[in-house]
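Let me give you the structure first, and then I'll get to my questions.
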């Protein structure tokens, strides 16, 4: 509720159109539905310009189904579900229209009738093993209406692969750089483009990568300007923020 | 050199206007000046839309002066110098026009004739001790032509201070959230706004903050969407990226 | 044995009622039963005002059964067993009356005839995935006679959910704040209430949460006063201590 | 502002006693004073039952003085300042009545007219080197009106020293256990008493204590029930929370 | 493309043999094949003197097969595949000639017609459990044409075993020291030989070896000169680099 | 070979009893048998006063059997095998006399005809879950001829259980203190006895125990004198060293 | 007080020689002196066979002097003070007879009239920089009456230096191995001798030694049997324990 | 002493030319000089093909002088001293011919008459602040007779700077890549060249570089083949090993 809405409400109270009790109710009115194990944010579309997302990890398939149904019944046409197991996807698909992608483990419940009108977000990966995280980013960005160009396996140890795609990078409005191991991709791309770069460290690698720590630290210490970082393997966060920036 | 420029050059070779030897030279021509201990990027204004910045830490004052002079003589009207000691500032001020701010340790050499035309970036801090990092962010953003609103000491343990400034936040195009200790500011702001939030963990605190690790991890694990993170105490990186997004 | 009891005993020796040998025995008398692989504390109800608890993890089901039986035969009416597998629960239920909850993995052997007379402990979680830990806390507190109000999925990225429940929080005598990821819930609640807040970091999350480290550090560095912290996922410890404080 | 206050205000609007504009102002009225680099919480005494505290570390002496003056002028009779350097103390003492303790680095500005009416908090330390942190805890608790018993240098490697003071511990309502190195004090005391134990790890030690990490982890993993933990060296937090519990 | 090749090309443009458009094409011509999920480096044999290697971990067996086929069809006679599961090996063997070793998990697709002409690389291990990593190193070096001498289970706690093999070590051109636990083998060998020692920490051990960290740190801190280190369990990297040095 | 033996040998050369070639052979003669994947130390009984031990983890059952047979055939009457899986034990038992204990996972191949002549080593644990590690220590010590007294589940949170056994501790020549979680047992026992205490941290616990790190750091920082530490869960190392000290 | 002493006392009560009140007093009689900031253990000589030691770090020079005086006045002929600054030494020397060694920072107050009767403890170091820690160990052992042989700068990267001293090592009853960097000295010595080896990691080194962590982990993971470890730089602990073992 | 030398010696004993006593002496003859706090390796030139080096850190200036003198008097013409303070350099220069470089803190005592005959080692840095470490590497390599090409400030965020120097890199026999922050330089260079790359992480940076950890992990996880790593800031180790490889 903005200040103006508040003032309007109070004027309605002042001129008797709204009773004080009703006003209290409205001011306090909860912008979420409480279903016990979850408080579903029904006003988020209004407040944040993007509808509710369900983080599937750590929830039972029954919980995911209940939340999804609740949102769709509340009027949203589609819901994005991330980190959903194939098993949960199969369970939901019994009750709901669901598009599920096994690589990114993303599901979209409800209508999937999305226009990719705003371009251009480039999603680049260091290697083939980073693709699941990259797809989480790409499909999230697409869900929110962005055009996405994929540039996979362009890691810095073969810099010519990246150089060859310099034009694609140059045309990007936002770049998402997804890399494990030494995570240097973000810095090299950051020095090649003049748009924001969102770096996604992945847990790809072994030994002293310490489950993604090496790429994370590398990206946080990037000597290129314009690089910001999200959590290890957080493709969703990168795709969502890239879309938010692309919309500006 | 873009593909078009390359093609033009090659056509000049084909029609005899440029000799092959000269073409080799041009293609290889260095887009930086080599002064031995540094390779100064003279084309960065063109390539990245923002002139060269000098990271002052770890450089001697003599090195900073030489690089600064070199850039100014190369035609830039002003140069941003970050993490500069008061001692180095005094040394440079003997040879150059310099604006130096002790809190942020930022210096601007050359003309300081900046129009803050694009708004509105909000820089918020959890506490008073985070202000030096916040000022590095704010003054960097201002150097690149952005209007900045400062919102200091609005940490989450007194959530009413933040709530009171909800309107200011709502009008921001980008928010920079600067906080040490538990670093929760980024998540709370991230849930209040629908614009990108750049989180800057600071080393403020003691004990189990482990020099900023607590705020860093907290921000990376933010449950709010739209939050990305830069290095601990990296006000410059946040201010620079916020300006880049604001320009879109 | 208190000083007074000791003096009484010695006076009995002095007046010949008790022989020196018997006195040595009594002074040394063990306040626990030794069943080899465990020393069961039979006087704990007296000494600490709360009966013995069995930490089920790392014990075989045979060991858990033997210890439980021993305690019940020693006169306790019920025993709390934490971190018990469903398999162990099934095994015990063959020999004993047992109430087992799959979410919290808590079992109560013996009578479950508990009056929740002292209120009011609020158990709040950041998300749905934190509920198993929260239930361990809540059911532990209930076992020791406390009334518990559950406030689940009120994480800080949607601060209105928390604000909406401000009154519930205001009436709490103790709050248990259970959160993974960035763990900011404890700080925000800590700033809203004037009662002790016990923070329980959970291992919920991924990547740079490092199995609960992010929430743990965040909570330890809380800028709110009145917040103390227990081990990652230690719902029992929080519920037990909250009950202890509530009793004062 | 509680729901009742809000309803009263709205009724005043409804009956014309308050204009809508004034009501907007009141609802939004800030419960803090904004002095630029700090937002001072003037309603905290009301909201949290304890007046504002100034964390001195990371603030300039000029900032500390300004904040202190502002609070005293706002009507508080005294202000607690923690982590204050001797230099800052000398600076403040030029303008204000100040009681400063060099060991704990605590200053109390304004009247120091405190009745220690509620007892009994026991502050115990493992060694002599832990005393500065313990004094921060003890003097904080005293500032808030609690009686404190000090039990210093009773570390677990000479368990008889602790056993000798069993009665003192038995009479405590809350125990604050302050220890560095292996931090075992909290567990041993936790097993001896039936009241809450607040454990304060200190950075005392060297080598593999890793600046307090050893004691911190030890205390978090305490096998005794009723033990909660605060940040390394956070005497203030322990003293404040102990007082809050003691008041119940 | 070297400077000479570039000049030749430009001279062809200048004398009309090559059109500017074709020249643009050639200059930009990609030295890799793009098969979507991977960019295969087809010029690596030329550029780095060693053909492409496939890192099998994190790739599906279908992906491994496609990449392998693509390389063999591109004219390479054989391809080295590391970290390949037995399952993937069986899958490839259905379509391709494949030599697979279960201990090192290395596969060689295509002809295995290798002459071990350059000697002598010594691969030494601290214990029996380090052999899988050592074999990855040894077989990689053999694949690239080096003679390898294996010296297994010569850890430093029985220094006579190492001393007994002093002559073998003395004749080495490069030594690969593979060890877990305390990783001291690298230092001791480093002090015995006058050739480069490549240290491979392994994850062998338990407890405070922290998955190879102990050996890694030990090797990085070696007080012997001439010792360099690769990632934990990175037998391939050590074998490849040793071969590269041996070729000089 | 000692200096005296060397001199004798050389005198035999000087007087012609031994040829120079044979002397070279003898001086270089290997004190171990090389079976390829392992170098078995056949002189260890002579050199270290204790026969060879096989660390079973990371070895295949075939390797364990071969090494065991080789040692027994070399004249040892029995061999200690640690960290052996039940599966490997069953495999060995098909070819060899073997005593296997499932709790400690220790096997003794060959004769088990051991006199426990030297006493008294006390093995104490903090809890029931520490028993497997404690048994590894106890049975190792027994294998080398020591009498062992077990004192299980005497953790510091119930200090009376430890106090009750003060006499047993007082009579020990060496104490092995086995504990996970906060690992305080070592310090408390260290302060009660005047003999060496070998502390064994265990990985028992969860959350911030970080797989045994908490107990490890706690024990390394023990404020009691006379305490030394072995690796996490290293019962064998403690039992072996305790026996070595007990023999003095 | 042992069981026998307790029985004797009780018999004296039974036969009237001691009154119950006096007996209470005696049983409870404190075996330490309380001087406020410290509880000095006056019975330690009896209980642990070695007189009180003062750990100087973290204590003011005034505190050290008071404690030292108190012990000497209590009847001890000399007191060992470790980690004492030169400044504190000068301060004590004004009031007391004091022997101070700048390298080890050890002071001995009172008579220094020590017979080194029991031999032989060998103290070995990896390098010259480890000598201060080694001297703390050596002088502590000497203070408690042990003969010490120093073997400095025999690190494993020049294994012949260690081999050359094999006889010295062979004659040791206990070896203290002091090393920083990779800390391999302990393992190599552990494989050469059949007596206990106490490993002391030092903080000597830089970079990835992480203040002694590399040597600490290395020593904890020693593949040699008979090696136990103390805290980083803890020369005192090693010297004390070695003396305790040597006395057996 | 090689096997042949040993056989020759024994034949001399057999034919009476050498007495058994003298032979014992020779066999045992120490290949180092013992000056108490150091064992100076006088045969290293023979054994390792490179004369003794003094690591200056952690040694007093008196110790450095004594060791230097001892080596020069032993016949070496010059000695390399690393990590030497300016103060120590001044002290040595009073007694010895010394060349001292303040940037690298390297001193060369004795003749500096070095022919740089073998080429070509390239030393590259990411930034200006890495130069001190790079100079330690470069001057070490030069001391051992290698030609060195310096390529400073060619970090990956401006990849054109590196591309511009591709030819210099292509001609290198060994490359030393020195970089702090994200340490990506090693991977990018590793992909450009077909010679060994020795990566030196530096502690340059701040915040989440954790004193060089970010660059270290990044380099260990390099996806480029042929990259090995030395300790943080270990310019000497890289220069020494590069020279060793260059010599092959």
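Per-chain residue numbering starts at 1, and chain names A, B, C, D, E, F, G and H are given in the order in which the chains are listed.
The criterion applied here is as follows: a residue touches a chain if its C-beta (ideal position, glycine included) is under 8 Å from a C-beta of that chain, and two chains touch if they have at least 3 such contacts.
Quick caveat: nothing in here was measured; it's all calculated off a predicted structure.
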| item | value |
| --- | --- |
| Chains in simultaneous contact with subunit C and subunit G | D, F |
| Rotation angle superposing subunit C onto its copy subunit F by C-alpha atoms, nearest 5 degrees | 90 |
| Per Cα centroids, the chain farthest from subunit A | G |
| Identified repeat of the C-G interface (over half of residue pairs identical), from A-D, B-H or C-F | A-D |
| Contact-richer chain pair [E-H vs A-H] | A-H |
| Intercentroid distance (Cα basis), subunit G paired with subunit F, Å | 25 |
| Geometric centre distance via CA averages, subunit F-subunit E, whole Å | 38 |
| Whole-Å separation of chain centres (CA-atom averages), subunit A against subunit G | 58 |
| Computed distance of Cα centres, subunit H from subunit F, in Å | 41 |
| Multi-chain contact residues (two or more partners), subunit F | 3, 28, 127, 158, 207-209, 213, 216, 220-221, 225, 231-232 |
| Complete list of chain pairs which touch one another | A-B, A-C, A-D, A-E, A-H, B-C, B-D, B-E, B-H, C-D, C-F, C-G, D-F, D-G, E-F, E-G, E-H, F-G, F-H, G-H |
| Residues of subunit H touching subunit G in the complex | 28, 30-32, 36-39, 41, 44, 55, 57-59, 63, 201, 203, 211-213, 216, 231-234 |
| Subunit G-touching residues of subunit E, taken from the complex the two chains share | 126-127, 155-159, 163, 180-184, 186-188, 190-192, 205, 207-210, 213-215, 217-225 |
| Contact footprint of subunit C on subunit F as seen in their complex | 127-129, 131, 152-154, 158, 160-161, 164, 204, 206-209 |
| Touching residues on subunit F, where the partner in the complex is subunit G | 2-3, 47-50, 53, 167, 170, 173, 193-196, 198, 216, 220-221, 225-232, 236-238, 240-241, 244-246, 248 |
| Subunit B contact footprint on subunit E (complex, rising order) | 3, 6-7, 10-11, 13-14, 16, 19-21, 23-24, 27-28 |
